[in-house]
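You will see two complexes here that share subunit A, one where it goes with subunit B and one where it goes with subunit C.
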Partner chain A sequence: MITLDDMSLSIEDFNRCIEDIVNTSDNLIDGWRFEQNEELENGKYIIKKEQKVLSQDQEDDINHVLTFEYHIAFNISYGVPVLCFNVWKQDGTMLTVEEFWKLNERFKESNMYDTITQMDHPVLRRPFFTLHPCRTHEIMEPFLEESKNPVVSWLTVVGPFVHLDLNEEYVKMCS
Partner chain B sequence: MSDNLSYVQISSSVNPSFWNKLSELKLNVYKLDESKHSIWGYHTIINSTSCPITLMEVDSTSFNREFTAHNQYLPFHGWILNTNTIEQFKECDKVELINSEGHKLYQHIINEDVFKDTSLLNRFFILSFADLKKFHYYYWFSFPVPRHVVVEKIDACDLENVFSPEEVETLHSAYKNLDCTQRSYFIVKKESGKMLEICTLAFQLKSITLEDKDNYYFVFHNISNDKNAVGSPFRNYVAFLLYYCDFLQNKIVNFISFNLSRTGSQVTCRKSIVYKLKLPMKTKDFYTSWVGWEKNERDKMGPKLANMKNTLDPSVIAENAVDLNLKLMKWNLLPSIDLDNIKKTKCLLLGAGTLGCSVARTLLGWGVRDITFVDNSTVSFSNPVRQSLFTYQDSVDMKSKSKAAADNLKNIFPGVNSVGHQLTIPMPGHSVGESLLEQTKESVKKLTQLIKDHDAIFLLLDSRESRWLPTLIGNVENKILINAALGFDSYLVMRHGVYSQNDTIQASDHPEGCKVITGNNLACYFCCDVTAPGDSLKGRTLDQQCTVTRPGVSQIAGALAVELLISVLQHKHGVLAPAYYSTAQTVPMQEMTASGDSVLGLVPHSIRGFLSSFEQILPATEKYKNCVACSDLVINEYKEKQMEFLLNVFNSSKHLEDVALLTEMFKDTDFEEVLEFSDEDFSA
Partner chain C sequence: MYYSPTYVSCHAVCLRLLHLTDFIVNNKTTTKTFKLRHFFQLKKSSNEMANDREILREIWEGKLPVCFRLDKDEVADFREPDPFYLMVPRLSYFPLVIDKVRKHFLKFVANEKAEQEMWLEYNGQPLKWQYPIGVLSDLLLGPDDLLPWNITVHFSKFPESEVYRFDSKEMVESYFMACLKEADVLKHRGQIASSMQKKDHNQLWLGLQNEKFDQFWAVNRKLMEASGDQDYFKYIPFRCYIDDGYRQKLVKPISDDNHKKTLQDLLEELFPGNKNIKVKTHGMIPPMETPLQWLSEHLSYPDNFLHLCVV
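On to the complex of A and B.
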């Protein structure tokens, strides 16, 4: 049975959470910024770019500089935030989902591994790597009541699987 | 003996959006214009801890008129020269190009532009050629710096060893108060007993003398992530300083490599380094000889190629997305499914009506890339609502169905290779006069060739007779034949047995209560229907000729026809997959998940559904030895006499009954009893 009083995150809650993230980020010069498609109810999302060096496999010792672009948007049908990201090499070519998995073999045993897939971005409607939102609610649920910023709390859980680490200042926002 | 200061080469990082924007500008604005266009490059003001390589990025905002990202990035001034041909890209004089860019920088130095905006010393340019059809971008970055700047490193120590914590704090807050244009390079003045002063180059530089030079620290915002080196634009700084302070040649000068870094939540400049550097003598060609072309991924002096097809070509994006969807099925549910086998199966759809459209769409869903249509009619006004590949406009234009279906399929998915053939399939009992003789022969040849060129043949025609010839040829050619026919509220979907003499495949153990027929012993559409396919179009009422069916029936049957093909393809024996059928009411088919022969389960022989009761049954029938289409009698006659036999059959279906020895049989059989089901129930 579907109950309406089920705890979930509203778009307003989401927008407030990401606004707080951007404010904190501005103080930290951490790079999160707003984007918006005003035609959509869930049009607000935030973006951050980060460069990392990951080596593809053992035998090849060339370091690949990869740019990760993280997006946090709101998925209306699941009623949860979505972490989408794209990864590209220095010449601008994007990693395929298989290439990305190859870089992340170490997560193979965790059940988070199989939730990284490619889905359409909730706002941009283009394919992005995505942490599949089906398990997000489950992860978020305890935070909805306890955390002042459930989006941040959720990110601290799932972020490390996609190389996204949050500064401690964000975590302070939750309590 | 002290070391020389080492420089870090800047590495370019191109955001995909940069190529996107360049293509857009090339198409709409630049066109054939080959002049230089100003762009911005970005370097983060906080040195990264996760990336040891010094990157300068460009993205779609690089083409903006103003630089607006000062709170996060240091600007690099640059331009792009996009050539019209690959030859121009290759042939243009690279030495001359970089020297002329160096000269421009020299002009900025001597006419005092650098005082107004110190970031002018951070420069780059891109030589590029964009092959927009292939989404290939050839490019070469250059970060011009004077060739002869050898600086001797006399001493290097941490900022905090030279300045007090208060002074470090002053430096940082004064930096933040500087105008954006003055943050890349500035001056710190430290006189004993006085407060630390932070000044712009414009304010201070010209008043410095050889005598008081030791009171000054020349600051540069260092872009190197390597602590032991400085970014290559430092050489431009030296060129600039020596122009205005000639007396600093061969002298030891104080520098601060200004470095912002993050510790916890704090951003500080404490990681900055104070250098004592001995500046060089200006050679004759100090301001005229420039270097700085970026090395490519093979560490050679040469251009790079970005193949952006996967990222920017929408048709490739669509193809990858379709493939990914199927791969997700493989990864998540069916690890052993062979998607490539499906993808490379070439499908021939005989009939582009309700069934043909529905079959084609479902094939697309499975990732099939080669779909050929054969039909002889044009799109009528009643077609588009039931035949999912057509539009109203196709009927206005009276387009041929086969052509319209192929075109529209490509509109739906450009990755498909789809062709339409306008062709009437010759039929038994439809006599061929002199005038039509050549055309008929031509049609037989064309159909035969098409069947040979494909792997799976779908019989989706609207009359029983037209299925005869493709059944025969498909059988002889050992192709997978899938047949679908519709009644008003019923459907039949079946696979034909193959003509295979030397097969030894035995069906694996089958559950109790069911029987099995091997793949080469399965009946064809005509096996169950005893009389030869005569002229069924003659003497019928209108509703027998036209497709009068519940609209959903064709969608169901079309989808089942494709799923049946896919199950055949995934079975380890393929077309020879045995068919099981239940002989006892107690064994529901769902429980007959026999053997590990196929990941998709059982492969039935036929599927019959009835919408009047929403029921479906899965009968399996053996080949009939006197079949007019698939019996050895008929096949051998065809193999022997070829066209002569076919023409005889077209002229009289009675001939077929003779060959199949049916004429003989009818003498002593009650016709009505033999007839298991009539085609009238199952006309498409």
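On to the complex of A and C.
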């Protein structure tokens, strides 16, 4: 038994879910691909790179061209998937947490340091912006029985906070 | 639990003597090893290993002498800056203790660099200062390296893909608290950390930042107890450093047939089939037969994780 709770996602479930995501992505040519570190039990994760143009707020007429790299990996301690990402500017430097925050109206009400923090990537062990996993279980719980792909269901909830939109073909996988 | 007065006094004298030698007589990094190894040898005779405040304090007081030098290529002044010496707590984090170092070197770098975040390097490698100082020294200092630890200071080309940008102390705090909560998820399903009040969290953080043992442990004690009617943590929070990263795994402190698991068991679960692995923590190599629950309660860093470095 590898999970913390009876009602949680096992690594095997997680691997199956991300495999389905990559298959659907391949059909859509959506860019999700596999990575793996074979030495780790939670070594499988998926990556997607995407360019986006964002502006700071309504009054800001400067558009920022940014490259997002999203990773979905499995956090062993919490027994949940984590969505982590890094963002590069056009000059090749990485966005800081504060810079990301300024571009993110949706988080205005919440505490920046509690919601998105830099954390170690569960496989790469390097700093990534991470939606803190402590509430993931709560978000996922209703999906564990109902959804055929709880990882996708969870992504539809948290993705919009970090500009990650999912094609509806993915959502169809859940039912 | 109790132990004989002879044991206590003998032990205390030993510690005091070794404490002196640690930094004055013998400046090799291995001295702490002898001190704690000695402690373990004494401990073997005692059956009950819990509630030992003395070793908590001994671990808490561990310090390392560091000599900081500004990278020669970054000196923009006609004078070379003097090196800057500092005793740093092993349990702390570099971003919490280097304000003075920054101030010391700032006037020697080009004006346009002064706004940039300082970072540290040892032997060509950027210091991942998201790891506690003691962990970095266990990872990077070999048995023949002399102290003080010679660290190079940089102001340009921050290694952002490897090192956390801790622009403010709040960011270090947020990282530290995230680690501590993760550890509590492993030990108590997160129930202790989440039932604490904000002031308790502040007390832990301030205790660490200001190096106040009593302040920190008054709260940390609750996190380090097995909860409810349990004698053991659910899982042991640990990171085992190897190959430029670290491994984590869900390891229980007791086996299915209710035997206390040891460090040996943990390493066998983590590296199946590899019998010769040894790990270092707090500058010493703990004996393989040390029970995991005791190890976790006494040798964890303030983030509540055991940080074990494969040697």
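Everything below uses one rule, namely that the second predicted complex is superposed on the first by the 156 of 175 C-alpha atoms of A that agree within 3 Å, B and C clash if a C-alpha of one lies under 4 Å from a C-alpha of the other, contacts with A are read in each partner's own complex, and residues count from 1 in each chain.
Note that contacts are C-beta pairs under 8 Å (C-beta built on N, C-alpha and C of every residue); 3 or more make two chains touch, one makes a residue touch a chain.
Bear in mind that the values here come from a model prediction, so they are computed numbers and not experimental data.
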Partners on subunit A (subunit B, subunit C) - clash or fit: clash
First (subunit B), second (subunit C), both or neither touched by A:S77: second
First, second, both or neither for A:T67, with subunit B first and subunit C second: first
Touched partner set for A:N23, first subunit B, second subunit C, both or neither: neither
Which superposed partner A:N167 touches (first subunit B, second subunit C, both, neither): first
First (subunit B), second (subunit C), both or neither touched by A:Q36: neither
Touched partner set for A:R125, first subunit B, second subunit C, both or neither: second
A:S10 touches, of subunit B and subunit C: first, second, both or neither? neither
Contacts of A:C134 with subunit B and subunit C, given as first, second, both or neither: second
Candidates 404-412, 458-466, 602-610 or 656-664 of subunit B: the single one with C-alpha clashes against subunit C: 404-412
Contact residues of subunit A, present in both the subunit B and the subunit C interface: 86, 93-94, 96-97, 114, 117-118, 126-127
Residue numbers on subunit C that touch subunit A, as the complex places them: 130, 160-165, 167, 170-171, 173-175, 178, 181-182, 185-186, 189-190, 234, 237, 244-250
Contacting residues of subunit B [partner subunit A, same complex]: 11-16, 18-19, 45-46, 48, 50-53, 55, 57, 71-72, 137, 262, 264-265, 267, 297, 304-308, 310-311, 317, 320-321, 324, 328, 331-332
Subunit C contact footprint on subunit A (complex, rising order): 2, 4-5, 39-41, 76-78, 86, 93-94, 96-98, 113-114, 117-120, 124-127, 132, 134
Residues of subunit A touching subunit B in the complex: 26, 28-29, 31, 50-53, 62-63, 65, 67, 86, 88, 90-94, 96-97, 114, 117-118, 126-127, 167-169
